[in-house]
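Would you mind keeping the following structure in view while I ask a few things?
Chains: A, B, C and D, in written order; residue numbering restarts at 1 for each.
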Amino acid sequence: MISNEQIQDHNSGRLQLHNHSWDHLSAQLQEQGHSVNELVRKIAGFQVAVPSWALGTGGTRFGRFPAGGEPRSLEEKIADVGLIHALNRSSNSISLHIPWDIPRDTAAVKDLLNAHQLVIDSVNSNTFQDQKDQEFSYKFGSLCHTRPEVRKQAIDHNIRVAEIGARLGAECKTLTIWLADGSNFPGQHHFRRAYERTLDSLKAIYAGIPADWTTLVEYKPYEPHFYSMIIPDWGTSYSLCQQTGDRAQVLVDLGHHLPNTNIEQIVARLMHFGRLGGFHFNGSMYGDDDLTTGSIKPYQLFLIFNELVQGMDDPAVRNPDLAWMIDASHNTKDPVEDLLQSVQAIKTAYAKALLVDTEALFEAQEANEVVKAEEIVRAAFETDVRPLVAESRLQAGGALDPLAFFGENGIRRRLIEERGRYAVATGL
Amino acid sequence: MISNEQIQDHNSGRLQLHNHSWDHLSAQLQEQGHSVNELVRKIAGFQVAVPSWALGTGGTRFGRFPAGGEPRSLEEKIADVGLIHALNRSSNSISLHIPWDIPRDTAAVKDLLNAHQLVIDSVNSNTFQDQKDQEFSYKFGSLCHTRPEVRKQAIDHNIRVAEIGARLGAECKTLTIWLADGSNFPGQHHFRRAYERTLDSLKAIYAGIPADWTTLVEYKPYEPHFYSMIIPDWGTSYSLCQQTGDRAQVLVDLGHHLPNTNIEQIVARLMHFGRLGGFHFNGSMYGDDDLTTGSIKPYQLFLIFNELVQGMDDPAVRNPDLAWMIDASHNTKDPVEDLLQSVQAIKTAYAKALLVDTEALFEAQEANEVVKAEEIVRAAFETDVRPLVAESRLQAGGALDPLAFFGENGIRRRLIEERGRYAVATGL
Amino acid sequence: MISNEQIQDHNSGRLQLHNHSWDHLSAQLQEQGHSVNELVRKIAGFQVAVPSWALGTGGTRFGRFPAGGEPRSLEEKIADVGLIHALNRSSNSISLHIPWDIPRDTAAVKDLLNAHQLVIDSVNSNTFQDQKDQEFSYKFGSLCHTRPEVRKQAIDHNIRVAEIGARLGAECKTLTIWLADGSNFPGQHHFRRAYERTLDSLKAIYAGIPADWTTLVEYKPYEPHFYSMIIPDWGTSYSLCQQTGDRAQVLVDLGHHLPNTNIEQIVARLMHFGRLGGFHFNGSMYGDDDLTTGSIKPYQLFLIFNELVQGMDDPAVRNPDLAWMIDASHNTKDPVEDLLQSVQAIKTAYAKALLVDTEALFEAQEANEVVKAEEIVRAAFETDVRPLVAESRLQAGGALDPLAFFGENGIRRRLIEERGRYAVATGL
Amino acid sequence: MISNEQIQDHNSGRLQLHNHSWDHLSAQLQEQGHSVNELVRKIAGFQVAVPSWALGTGGTRFGRFPAGGEPRSLEEKIADVGLIHALNRSSNSISLHIPWDIPRDTAAVKDLLNAHQLVIDSVNSNTFQDQKDQEFSYKFGSLCHTRPEVRKQAIDHNIRVAEIGARLGAECKTLTIWLADGSNFPGQHHFRRAYERTLDSLKAIYAGIPADWTTLVEYKPYEPHFYSMIIPDWGTSYSLCQQTGDRAQVLVDLGHHLPNTNIEQIVARLMHFGRLGGFHFNGSMYGDDDLTTGSIKPYQLFLIFNELVQGMDDPAVRNPDLAWMIDASHNTKDPVEDLLQSVQAIKTAYAKALLVDTEALFEAQEANEVVKAEEIVRAAFETDVRPLVAESRLQAGGALDPLAFFGENGIRRRLIEERGRYAVATGL
């Protein structure tokens, strides 16, 4: 665990340079009419959950190149998130993936979470792989399977996942369902019946979990199936949620769209319907690439946050609070570094979105002043908000440069020494 | 106008060869348990409307290369569709495009339609271009426009379009709305407000047209706007229809999808919801290419028809009757030839879909016998149904080879002589 | 091993029905001027190699659902291909993947190949995964790596792979290089230097393998890297081959293209340059989906064969003989069934391409008679060639219905009994 | 024409704010080791040509919504570019489009150019439309046409275009060929012959224009043809240039790529080959959308400039000087405003690319320090370079805020008064 002293040591050497930049930026923002304290407060308060599966080196079907020192247990995963949170003060929660993250000693896990100032924010079921002790295979589907006993097994698994989550703390009230069900060949699926079976299964899960829990329903156009996915697009996810209940909500994963999709418009649509439940952040150039968030299309990420900020600020929008999560894989980067970069990119996009002069923007939109509207949005994006994000991290007790801290302190080397060169994260 | 004698002359020379093939195929189909008469009856009965705008040479923003002899008036457009229908007996109706197809003499037009055994099946509004006498411009939108007076103008236009259609015959009870509204740049649109304004406009149109009319709402991801379209996907279209009324239905245009979309699944989805109102057939490799139907992805066209046939045959599906229309542009082909090819491709796909052994397919699907299910579907596709489609045309009084008839009789040459080398179809 | 008697038993029950269809089709083809014997001969002679890695159940990064009975050794892989070849008489060769398929007893392997009437046609290197005993990791590339010692290791591996192949028979004169090298993030690669290093490595391999060997250089736009691949497109592959030598040739994998690519045009281009060396067949809807060949876009497959047949028949084209290979993964189908379907689809496309009336086609092309040219191509595609493909298989001693044979004889069940339910194919 | 006094008036009110920002940024850049004067000099010197066709309101095949005041002649187009250049001091040249921009009085045009401190930098031929007086139609192609007389007409046109350019000044030594030739349907083109005819035509043009001229060969995957384009990708363009001559070079248009293409890698590739001749800048979300440059993917634009700057700075790269041009259409924006925004986006990307610490980057690349390499690139992108671009404009005599100047001085209103509300730019 990283001590406050270490953080302060790190910061002290960087403070002068930071203050210089921050003084200039904060003056500039105040001139533009922003409340600098309010900005810092909002950005510091923005927390993004880290999924337990993102702490090991991921890979592709072609191979995996682990860097070593991966967390071998739930406890070590918590330690890694604790490390990240100590550095950036922005990752105070974890998304668990069941069956891998089932705690052996619930009380001890809760203590460990407390020690790291972390909570479990949500739990994720897994019906896209077969576990050793499993009675029925999910090869041909889970919630959409033609056989009722397979569906029941998948429904029960989801309900059990929620139970495990509930035991880990009152903050955990979200079940995320990524349904990998689909078909690889024309003719394989009866589309209408498969949809109806999926809906029935979702209703059964919804009825089986606590009444104050939210069910997040993810969509994805392809992979692991390459002809059809049972929930390929937001429209399908939305229609399922409509029929399931108020606390059934759509989850948007940035990598789960066909080429050229305008994702920010989907975000606006779902908020307008009050059905945007959460986000999986990652970066994407081709498909579900699971790259570092913001590494490929930072402007798109900003435009998405622009919609989110406007939607959250608009009293006419009756969307529930959102679950913010990272969902990425790490093939060539250290997972901790990748997560630190992702959080930085998310906060950068959020900070820039907060700078948009929405009043002037709405006026330009009403008047169809296209150039003006675009320039307003663009001005926020062009602003260098690194000092603002750093200041908010500083005030929250984090490190001015988390990446540098991680590297300079040889943390990966120490993790390898402790856990071994060939430690493999559970679930990978 | 083509006489029955001409058709019979044409057919007589081809009959022997046709009969030989048909005898073989019909024997084969009967062995497989099909009722050949029923197949012929269904295929002969399948009618696809021709849109009035498809009778001239289209083009792209880069240029237009007309072949000459284009119809200069509604009357000449009717004559062209009459010609097509006389040859293929499958295009007994026309989709009108207002303002270009406003009849000067309604009674005369109705007589002309009767003479050609045609009806008007639907009317299409146009709010994506400015007309000379128009008070407000649609440059920044029509049904979604920020100014109420512009929206009102667009709503009134739609209602008037329905009135014009209603006057032309009792068969016309469908208003097709393709809404080109959208934005070209980030910031230009307030997505949520633009959606809400569009919904209000659609409701006003719905309330303003006769109670037994259907409103078809088309979606399209891009073009003519290149950042966002107000109705980019089926999910948006569906949500608008849900809130507008039972007779608001989604129209699927085959070219209006992002790359790699599984369109057949969308078709199944919408039929399952009872919200598939109609089809715009065309061929597409990249986007809204508006090529000849089936010219690029004939297997996809067949798979779509497979869903349509299954949906229409399933008593559990409560989808209304669909409006079948071609919507294509003709850059390098004679428009009449292109339309004849399109109808042939549509009927081929329909005929093959009728051959699918659905009982065996559903069994294989239930049992997750993937290879078997695929082979059943594929067997229907591999069948050479050209004799079946020809036989159904023959029995309906059409030509055995409409394309050959058109070419051999020098019809385009005669149209050019009659209408001129540089005649330009109204609306182009 | 399957005996001729078993094949004849199988065929005898199906012969009457087949002959009936074949009589009709062959008469029809003769009427059209085709030499039926020539067609049968060509189709029977067309052989497609099976890659050793395609005999197990593949999967995605999300999981794998093996059906059991997978080949546990090179010998069992040969047995599986032998089985396929016995049934379809079209898969007389195997592509090996080193390091997994290194024979322990070369003489014994050669005897086994002889017994199954098989040859090794090509060998594939693997520098996209780290092997246990490997000195340097390929995490950051192999042939493009910044460190010369890593490149040397990868070069040496490729040369050794060719040596292994050469020992297995004189027919093996092809080294296939799929280079997974690439980068996941902007800034990671110095594009120009990485290209130059790759070129140098290719030259070294080319110089290190026997002088009569062909080097096939594959391209792929993404996966396993998601920002850039060192050889993303045919242009890069072609430029590398140009600089490497005459026997460096481009390999086209059908799944390795960006959305909407016109692959048949690339095929024509490369043949025109004399640089098309080989093919990896598979089916694709979204990316490198590795589905059954022809399962998604059969018309495209046919159009590709149309170019291949025209190129092979044209004396002006100085392209070498091509290496035909399947490269697919099998997630939800039995691998053997999948391969049988793939070969059937390939032969179907080839047979249809042979039916194209090229003389008339070229005339129509010269005269810009677009409709006529398209109808000529389409007529070949619409023809039901299943009896033709079956007849060519029959005459070659294969089964009339390989899939049915495989299923009815419970072959998978027997493989599971022999090899075990959880046998995993080496290399997976 | 805008006077220096007007510019100075405009600047004086903004100078204090600008100086404040610039002082801060220049100090920061100096701390990082940059020569601020050198940066300003380079950015000020970067000039982007405006194409004559971009001065009117473009549109799509669905319609056009002109704002009025469009230039009705070459002289008025020069005036518009002169206005842009007076404001941004970065657009000192024009790309002409023949046949529309043929000067009636060459000497007068040259005087006018001089008065505006402008030159003609390149000329563009047009063989994608038929002109009234044209003997042969380009409906079925121009340089690739099957008939030699059509090809000759197109070749002669290209040569004549170069002659017209040569007469307008010694700076004009570039002929840009965008070849719209292609096919809409399978079977239409004989791919290999069409390629060979195209190559012959290019060679004839190359031989027919002055020996010191450069021929730029553009590629585009689709539109206006939707099955195949004769030059669909950089590989085809490159192969044609290789066979044509040293001064045949590839032109990259940012909108001419399939979805998800890594354009920056293509840029690096072509520079490495010494074959990157020029650029058409525009913005793109779906295809050849021709939006404002940088409006959709500013990070990609920066990454492209990163490759350009590295390539131009590397003595090992023997690429000729590049032709920088904007090629956009303006559907919903004022063309002049759109062009001002595009130039600003280009200069922003260029300025940021100049800030990349290439020495550190190359070190990180060599060491495969992925995170570090990415952070170096990203740091440059995150920098707010607006003061730097403004300062370079200021020092060159331009306006601090060209867009504001254009709006506040009511220039469009004055152009409408002068040229009329319905003036249509020649060529649209």
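Some points to look at:
The rule we apply is simple: a residue touches a chain if its C-beta (ideal position, glycine included) is under 8 Å from a C-beta of that chain, and two chains touch if they have at least 3 such contacts.
Chain labels with UniProt names: A, B, C, D = L-rhamnose catabolism isomerase.
Since the model is a prediction, treat every value here as computed from it, not as a measurement.
Chains that touch both chain A and chain D: B, C.
Comparing chain pairs B-C and B-D by the number of C-beta pairs in contact, the larger count belongs to B-D. Computed centre separation for the pair chain C/chain D is 43 angstrom, with centres defined by C-alpha atoms.
Separating the CA-averaged centres of chain B and chain D is a span of 40 Å.
Each of the following residues of chain D touches two or more other chains: 139-140, 183-186, 188, 221-222, 227, 259-260, 262, 285-286, 292, 295-296, 299, 332-333, 370, 374-375.
Contact residues of chain D toward chain A in the complex are 21, 24, 28, 259-260, 262, 285-286, 292, 295-299, 332-334, 337-338, 341, 348, 370-371, 374-375, 381-384, 386, 403.
On the chain C side of its complex with chain D, the touching residues are 139-140, 146, 183-193, 195-196, 221-222, 227-228, 232-236, 238-239, 258-262, 264-265, 268-269, 271-273, 299, 303, 306-307, 311, 314, 317, 361-362, 364-368, 370, 373-378. By the touch rule above, chain D contacts chain B in their complex via residues 58-63, 65, 128-130, 137-140, 180, 183-186, 188, 221-227, 259, 284-287, 289, 291-292, 295-296, 329, 331-333.
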